[in-house]
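First up is the structure itself, then whatever we jot down about it.
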Amino acid sequence: MSNLEEKIDEAKKLSMQIVKETEADRLMTLSVGPQHPGSGHFRFVIKVDGDYIVNVDPDPGYVHRGHEKMCEYRNYFQNLPQLERPALHDSSNILYSYCLAVEDLVGINVPRRGQFIRAIASELDRLVYTQYWLAIYGIFLGHSTMFMWPAGDRELIIDLFERFSGHRVTHCFSIPGGVRNDFPYNFKEKCLTQVNYFEKRLKEYEHIFYNNPLFRQRTEGVGILPKEDAIKLGVTGSVLRASGVPYDIRKVEPYDIYDEIDFKVQHMKTCDSFARSYIPYLDMIESCHIIRQLLDKIPESGDVRVKLQGNMKGPPGESFKRVESGRGALGYHIVSDGASRPYRVKISTPSFRNLIALSYLLVGSKLGDMPSIYWSLNYWPIEADR
Amino acid sequence: MNTASGFIKALESGTKHLFIKRFTLRYPEKKLKFDGDGYQFDPKRGVGIAGLRGRHILFHDKCTGCQLCSIACEGIAEAIGMVKIDEHWKQNKKNIMPQIDYGKCVFCGLCVDACPFYALYMTNDYELSSFTKSSLIYTPSQLAVKPRYDGDVEIKIDSKGANHG
Amino acid sequence: MGSITPDFRFGNLVGSIIQLVLVILAIVTVLILPMIFFTLFFVPLPVVNGQVLTPYLFFSMVVDPSRTLPIVKFLMHTALFKAAIFPGFLFASLIAAATIFIERKLLAKMQLRVGPLYAGKVEGIFQLLADGLKLISKEIIIPSGADKPIFWLAPVMFVATSAAVVSLIPVAYGWVVADLNVGLIAAFALLGFFPLIALLYSWASNSKYPFIGGLRALHQMIAFEIPFFLSALPVVILSGSLNLTEIARSQHIFWNIFVMPINAFVFYISSLAELERIPFDLPEAESEIVAGWLTETSGMIFGLIQLGSYLKLYALSALFVILFLGGWYGPQIFPHELIPGASSSNIPLLKIIALDGLYNAVTVNSIFWFIVKTFGIILLMLITRGVNPRIRIDILLHTGWYKLIVLTFINLFVVLTLIYGGILGPGGMILPK
């Protein structure tokens, strides 16, 4: 009750004061817009008093392409290429959730080997996305080596994707009913070699980035999001876990075969920007363990896909399913009225949920902290705008 | 002392990388190798066969002109249109075959999944750039040509690091 | 490579050669001939060896082998040669160009990738030339409401000040453009001019992001000037003079860095801050303020500022070498004569090939060791760029005003103790001169 309400009252008083002071020419309005090397495809307007940020006005919508409306004009299989575009680097996860929702609606059971392959693709995509996120984090803080190393090591995993799904980034691999094709014949050894080497490369990042005193000075104690406020604001994913709440959908509502896999949910209690930047790195190491367990336990042979008609009709009803993607909880809510096209598809993305923490955290911090707070919220602008 | 050791470790890690081999793939002098012949689909079993999703290949002696590939693509990219051809095949009563516009195709491969007659596959060829938009539209006879692609470089991981080729 | 080159046609080759010849003829007629006539009519000619050096005498001396070398030696000691070519502008520009190229390749190797590769046959060695040509050909965009005189003048002033700092640096004994008796103070005074240029330029750009960047540049450079010259203070006390040549000559027994390592470290950090290099490149922080006070530069203005920045890098590394690393002293590895026995023989051709009278083994040795040590310091600055992120403004000001000044005072007291204890300095056990 206390901290959040007080902050809201303070913000209201402050906004009246800001209106008066902007007219008095004391504050400066900066537009950190889409054409800015520090913001991605996202615009927010900040008012600055000297070096301190006084007001933040996020303005999403630059990349809004109407994915939810487009779903109503395509049947369940034709929706796949356009639905994987909002989170292109993480495409297996954003399609995983859709496939689970459609399978729940229609009522089909995916064979066991297909479930394992889907989980392996999802974990590999988590690695790919987090490396890209780390690379951009490095360049926001001016560390050009930290941009090149993750971008280069990401190639090891993308090479694996090229072998079994056919494409480097836009896989379109998990579909309702399973996966599109089985692994190639020598995939398991290659996967283990490259994932092991990838994990060895991850240890280098500790020396040059996470234990670098300059990086620690910039992110420790910056942008503190206390535990109660994090739960009240409804943030999800690594932001929530960095504030001390060990919440991971793979453990809370296990889907497919995640109840048979043994892994730790990484969380830290310091609630600052350093924790938010360290948790995805620890998650990557956990994903490597998960991939090794999955490759151990996968059944040697079996079906990978349930044969479905191209324009199948969904029975009337609705379904909602959530998946833990690279950024947090990604959910699909599908409403169908018996036709071969869905009646309404609602995508609930973690980036849009985390956006509210931006205005909460940036007010009162220094201008130099803006990149480290903004990007540590794991915000992907295209996914938030859909 | 913590800060000093942090800096020294960072410097050491940086200079260590001066002696590791470079990771770059020197395209176009060297090209990547792909296993297999491209993405294919088996309609009897209902699953695909893993491979690179590049340019399509159309087998003229199997295509019946059923338009299922075009219908599948209508909701995705509208890249396949059916055109009349001059050849006469026994199984192709209407004498039509697909023509693919690579300016619009997203290479998702759902058209390959839709073909029930083993006629449309995808190959290893991905170098499809041209100087005009109209030459990106591949006619059925252009689609029948099997491409020649010889790449021979892949990622090698040894004791000194990973590198291409 | 992946480009399509047109087929070779002989007519095109002949046409382009003729075009080249015509352009050269035009330039010679319009520019060079008037210059020659101007020189012949209006400039008083110097006197060499008791004769007025007319162009005819000059050419006949060049052709006569026994008199070529004294002419070359005379030319090399004129003020124009020293200021423009060696150790002046051209030499510093070549080192700056080599630094930029080495920086790109070194960072690329550290990041496991290839740097410039395709410009020039050998690993992209002409990349800088290509970049320079590209920058010259771009349009210079001036924002509306910008202050035009300052906008055009500030980059030129930047390069001029950097070149002025370069002109104070002695490369070998006797090879300095401006041999001032207060050389060190002159260097610091010139370095104090740079924050003013940054502030003027950012204000003249009439835009918000350059304004923030200019203020940051001002705060940063002023904060680090005090540790900068406080760390050079014990050097002056030890050598007893402010002349840079004398400071270098006073280290011929031992280098100053063995006595004052902390001060060398503080000088290094302060010079990184003066140069606006990572980890101190806040004024140009790309992700927060879109290139800071350099936002509105485009085309050749950007090229001039890069040139000035790298000239300053060479100048400050050379200053570090002279103050702390013993200047140009090193083991003599060049032989006394290029061809042994040439100066006492009677064959003029042998004398010319052996560069008799022109080649001074000590000088060449000094230049060689000076360049080696300067490149060593530059390499250290480049590697620091590769492994560190950017620092924040309040941590930077805290470091500059508190920590570094305290460190310089510690080392100052150590040096003063050694001097009054009779170990160092004039009259001590280890004599500097």
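All chains are identified by letter, namely A, B and C, in their written order; residue positions are counted from 1 within each chain.
FYI, a residue touches a chain if its C-beta (ideal position, glycine included) is under 8 Å from a C-beta of that chain, and two chains touch if they have at least 3 such contacts.
Note that the structure is a prediction, hence the values are computed from the model and not measured.
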Checklist outcome for this item: Of B-C and A-B, the pair with more C-beta contacts is A-B
Checklist entry - By C-alpha centroid distance to the whole-protein centroid, which chain wins? => result A
Item to check | Interchain centroid distance [CA atoms averaged], chain A/chain C, Å | outcome: 48
Checklist outcome for this item: Distance between the CA centroids of chain B and chain C (whole Å) is 52
Item to check | Gap in Å, rounded to a whole number, between the CA centres of chain B and chain A | outcome: 27
Checklist outcome for this item: Multi-chain contacts in chain C, i.e. residues touching at least two other chains, fall at 110-113, 386-388
Next on the checklist: If a residue has to touch 2 or more other chains to count, which residues of chain B qualify?
Outcome noted: 10, 13-14, 23
Checklist outcome for this item: Multi-chain touching residues of chain A, meaning two or more other chains, are 145, 152, 208, 212
Item to check | Partner chain B, residues of chain A touching it in the complex | outcome: 73-75, 77-82, 145, 152, 155-156, 159, 162-167, 170, 172, 180-184, 186, 193-194, 197, 204, 207-208, 211-213, 216, 303-305, 307, 310
Checklist outcome for this item: The answer for chain B against chain A in the complex is residues 2-3, 6-7, 9-10, 12-14, 23, 34-36, 39, 46-53, 68, 72, 74-77, 106-110, 113-114, 122, 154-155, 157, 162
Checklist entry - What residues of chain C sit close enough to touch chain B in their complex? => result 1-2, 106, 108-114, 383-384, 386-388
Checklist entry - Which part of chain C faces chain A closely enough to touch in the complex? => result 107, 110-113, 208-209, 212, 278-279, 281-282, 285-288, 290, 385-395
Next on the checklist: Under the definition above, what is the set of chain B residues touching chain C in their complex?
Outcome noted: 10-11, 13-15, 17-18, 20-24, 26, 28, 161
